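Here you go, one structure.
Which chain is which? They are A, B, C and D, in the order written, and residues in each are numbered from 1.
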Amino acid sequence: MAKVGVMFVGLTGATASTVVGGSLKMASRCAPVQFGTTSRPAFASLGLVGPEEMSFGGWDFKKLSVGEAVRRHGILPPEVWEGVEDQLDIPPAAGVRTELDIPAESEDENYVCPTSFGSAVETVLEEIRAFRIGRQVSQVIVFYLGSPHKRGRRPLSSYTIGEIEALSEEDFLREVPSGLIYAIGAVRAGAHFIDFTPSETLECEAIDSLAEENHVQVAGRDGSTGQTMLKVTIAEMLRIRNLRLKSWYSTNILGNHDGYVLGLEGHDEIKLRDKSDVLGAVLGYHDFEHLVKIDFFQARGDRKECWDVVDCEGWLGQPVSLRLNWIGGDSLLAAPMILDLIRLIEYGGRKRFVGLQPQLGLFFKRPLATRSSRNLHRSRPESASAA
Amino acid sequence: MAKVGVMFVGLTGATASTVVGGSLKMASRCAPVQFGTTSRPAFASLGLVGPEEMSFGGWDFKKLSVGEAVRRHGILPPEVWEGVEDQLDIPPAAGVRTELDIPAESEDENYVCPTSFGSAVETVLEEIRAFRIGRQVSQVIVFYLGSPHKRGRRPLSSYTIGEIEALSEEDFLREVPSGLIYAIGAVRAGAHFIDFTPSETLECEAIDSLAEENHVQVAGRDGSTGQTMLKVTIAEMLRIRNLRLKSWYSTNILGNHDGYVLGLEGHDEIKLRDKSDVLGAVLGYHDFEHLVKIDFFQARGDRKECWDVVDCEGWLGQPVSLRLNWIGGDSLLAAPMILDLIRLIEYGGRKRFVGLQPQLGLFFKRPLATRSSRNLHRSRPESASAA
Amino acid sequence: MAKVGVMFVGLTGATASTVVGGSLKMASRCAPVQFGTTSRPAFASLGLVGPEEMSFGGWDFKKLSVGEAVRRHGILPPEVWEGVEDQLDIPPAAGVRTELDIPAESEDENYVCPTSFGSAVETVLEEIRAFRIGRQVSQVIVFYLGSPHKRGRRPLSSYTIGEIEALSEEDFLREVPSGLIYAIGAVRAGAHFIDFTPSETLECEAIDSLAEENHVQVAGRDGSTGQTMLKVTIAEMLRIRNLRLKSWYSTNILGNHDGYVLGLEGHDEIKLRDKSDVLGAVLGYHDFEHLVKIDFFQARGDRKECWDVVDCEGWLGQPVSLRLNWIGGDSLLAAPMILDLIRLIEYGGRKRFVGLQPQLGLFFKRPLATRSSRNLHRSRPESASAA
Amino acid sequence: MAKVGVMFVGLTGATASTVVGGSLKMASRCAPVQFGTTSRPAFASLGLVGPEEMSFGGWDFKKLSVGEAVRRHGILPPEVWEGVEDQLDIPPAAGVRTELDIPAESEDENYVCPTSFGSAVETVLEEIRAFRIGRQVSQVIVFYLGSPHKRGRRPLSSYTIGEIEALSEEDFLREVPSGLIYAIGAVRAGAHFIDFTPSETLECEAIDSLAEENHVQVAGRDGSTGQTMLKVTIAEMLRIRNLRLKSWYSTNILGNHDGYVLGLEGHDEIKLRDKSDVLGAVLGYHDFEHLVKIDFFQARGDRKECWDVVDCEGWLGQPVSLRLNWIGGDSLLAAPMILDLIRLIEYGGRKRFVGLQPQLGLFFKRPLATRSSRNLHRSRPESASAA
């Protein structure tokens, strides 16, 4: 049976390399097979793919193999990757970079700076096609795990694809996040696209209809791995019990590359907004104070720690307060969710789901809801060739 | 329009006096009307009763009026009870006591020690009838808020009502918790019965059918006001995200009378079991360590503080841990839930719900589910006289 | 007996108004007399001044009376200031402002922007002299409680007084924090000077010798009221037990004006450096990660909350960790320390202590140690006229 | 040069085996040499002994070698004990047990139940003498690390040694903790005695004079390894800052054998009293609520976690509160302190210190102060033979 192909943007980063390392180990039958939500009995009858039915590849600015990346990150203990080193010898393709990406780091020697949107999309599209043929996979999923980017001068949502294609080289590099190149490239190549990061990419609504036309699925954005997941859970409890939120302060310390990038000027803007917006959506009101901070704290490495202090008003104005302290490995929390998404998207592919997939919102900090009624679950014609 | 009558067992305790004081204030239109869950928009169309449609009374071992109790507990600030002192001048009827209740305290001068189950039930039944007539209420709800009792030698569930009625005076006093007297008395008098405490009372299954026969509702047990509510919420999140619980330690400090009684030998047994059982039910597995402690700590008064430390295993055995610190007024958290239950039971009475009401399980630590399929929502004949 | 005069820079701020309000209440004998450290028995024999021997005044940018300020801040409950409203009717003198101070706020209508250092000092000096004569006080203490300022282009420590006096109007306003004007004015007027804020003022070493010449005392800087006090205490324990610090993360949330100003660009620089430097000084090594954050969180008002997470390495590299959560009213913690300092400085004045007072370092985040051996405790000649 | 001999009561327990395993590794020069407090520069000039100058032995109810115990406890990682397995092959002598000790466990097959106090002491004394001669050590230190025992019917302090010796076999076994047998045996054999546990042993004051007569040192009791150390540190800060303690709640969870024994009825009494008494001693007043709980929580193993909540009253009755969460390996925190004590007692032996050593109080939860003025630091005559 043909495998599902998974191409990560950021293949040698902490999260992607953890997913690949852990999955190959599970596929080798030397570790128990585990996912996240999709491990629950409710999903047992869907026939979701296992780790041995996945084939991994992708892009990165660095030239490391995935195996070398796994070793360097030190997130997976040696007993996980020992025995699958050979299969981890996956080299990344050269990444695409615009000026909204973080400045090149010393080891970044594997990237191209495109001169136009169209040519950049074309390159990505060709790489995906080559991957599909080379690996003989039935479907391809492009998973965006690139570092949080800066915003351009105009909101991405204000552009049409046509306007973006018409931008001069200079404007294109200053206005378009690289994520959009991968998104359009993927969709045009007939690959599904998932944005697991706080990126503006999916604010470009044209992607939805393009995805429908190309019979592929799109979902995002920003994986809800730790503090936000907890926050939504608690907020729901407050709502049900009529405990009115007055203020919520959240701080996060983490020391991985994601923490480093979020510490750079401008690169935490989208993420903080996504993290902040989440409470009002659950509670149904907005007259509370909410502050979210992310501090880069190297000593912690990938092990993120969060502290939240929540003040509510209960019956007759009584104070009720809650303090939360969460500790978990950032990449290790993300990995099973990414596997869940791969499995559910692959399933959706078989069931001919197309366009934006709001039912996957559970996985995201800022779930994208249906933007118009027509684009949810619209089946593609049976006669359509497999994407 | 006829009011709903509410009779509290433990009328001058912290919780009941807080409910009565706050409700009368809200009824006087000098404070905004607030409930708990039933304040949510979803309940708006049901026509649930407001505070001005409630009439309060009940029993207590102490001879205080509710107003004096409110002043002594110091939970409601003076601005709440000032202006409604007159209406708070409600004297409690004498409480019924068996040997499973806590020993009499110095101020306990308002109780009877019955000589048989039958005579005790009869007394309670007459008091409820007199209350219904005296207050001209449409329905009566008996709310059990007595102190946690000790267990007898045999589980209460192993007795039939007939066996209990046949017990000698000595055995009756040693085996039967006073809650059962109120429950049977209430049901026979056509009053609904709610157990908001960790009591064995509702383990006596005969109550269910008796309630059906008498066209009244029964619900319990042990209000899920703070730590347990939070625990269920978090456990549900762990289950969904496939984070496997390894150990959960919970400690509670509180300094109100409830905390004092729970500190007495034997009186915390049922509560701790109820609190402990809750996790396995949500998670669907039981191979974790779970320890719940309640410590009487006078300095805290009614303001309960909880601390929980939760250790889980995530993907590939990764550790994930969570620490929770919850602070809230015990009685002030319970009060809106009690008002919710009054409103929903009154609504159920109008809609002719009878027997055990499992759909109210949300409010309880150990929700009683349907014990047989026949007794849920079975309507009483239209011709039945109002209970 | 003559009182001691206390002039606050920032008279209507949260801290000064709290000190004045509480002290006048204690002086009226309607509240128990309490200080901080100097309440301990060890200080009983020193004959330190009581609240009835203090006379308060000072400067502020706002035109409020102290009484009005106390009411607005809402830190002292009404029962404290009721009954002493008359005595709280103290109007502030116009404050001196340079460009390093925070921008004028809407209510700031009580300040002067001086044209030269010399003329500004002269104005302050005259106000202190007038206060001493008007109140007939034996000694005057000027307490700097102004908002944290920005740094100028050159470190203040690199200037001599002569150079400062020679600055053009423009350069003076851009380079000199207003604290220095008060410090020099106070010392020249024969008044003691205490800097309780994170200000550069006392880095100007010329103040020390000037204080000696004028027979007055100088101390600072930045009152160690909460988190830093705790931090020093814990660090000392780690040092004694040979638990090697690897990382310490501290976050602070507070919602008073101090929190607001620290949230302005550049105004938290000195404070964060002072807070950060404190650990190495105690531990004797610096190879650990230390991050201190202060977040303005309006909901908290004056009630500051801190959270610290401390990771150490013990014997054979074992991990030991500590989490601290501190909650206390910022101004209410500062007030007794300020009273302690008033009492100890007054005592020092009687004992003829002059110059920098390093023995008061206990009160400060960044205690100023003796800068040269000659200036500590050097008595002034007996014949010198009372300062 | 002759080594110092160290005999542990409880040789195969978590703490003693950790000390021996770690010390032998350090002695082998394959791990950096580390102690606790005595690693500080201030101690550098005293010529304290290193790990290679210590020789270990002792008693235990179990028949394991130290090496096997180290492996089973799993506290020291394999890289510590690998390479020194041979030296860890130390078999324990049979332990002495009375009825105040915890009931024998399944693996306890290495103990004697003595028939009289005198004969039991004689056995211990002979074992110490044999150890001294066999190992050719200059001094012997007996370190009591036995499990917390129950109290007898009369306080141990009410007995004279003569009365104890005159007890019938039955009464002796019911009244005398085994620690006293080791203490008297050690002192009579010319060995120093340290009680690192919450035992009544050192309440028998006769030990002091006996120690003086035999020219040996005695110190105790109950090593202040974690929560209590922190508690004393914080309490000292509260005292200095005049923050008046109102209530302090402490809970501890631990899952090692010590935790198990403390969970047995009666075995936590002395420890809890020692832990509770500590605050009043530092603060100088006792009108606060203080509750200390120790809960056996297997999941934690040797890694103890503590949570404290501290409420104080500051200036004008303001609330100040502090929450502390401490996590550290119990045995790994104790080990360097035990090494410190070995080094300081050995030094005291060379300097001819005799009797109770109150200056070592820093190391203990309930430091024993001089019980009469004569017995502190009284040098033994120079001509006395080496103990």
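By our rule, contacts are C-beta pairs under 8 Å (C-beta built on N, C-alpha and C of every residue); 3 or more make two chains touch, one makes a residue touch a chain.
Not measured: the values here are computed from a predicted model.
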What's the minimum number of touch steps needed to get from subunit B to subunit C?
2
Remotest chain, subunit D as reference, centres from CA atoms:
A
Averaged over CA atoms, how far is the centre of subunit A from the centre of subunit C? Could you give it in whole Å?
49
Between subunit A and subunit D, what distance separates the C-alpha centroids? Give it in angstrom.
54
Contacts with 2+ other chains: residues of subunit D:
323, 325
Identify every two-chain combination in which the chains touch.
A-B, A-C, B-D, C-D
Given the complex with subunit C, which residues does subunit D contribute to the contact?
22, 31, 34-37, 39-40, 76, 80, 229-230, 233-234, 236-237, 239-242, 314-316, 318-329, 332-333, 335-336, 362
Which of the residues in subunit A end up touching subunit C in this complex?
246-247, 249, 251, 253, 289, 291, 293, 295, 297-300, 305, 307, 309, 311, 323, 325
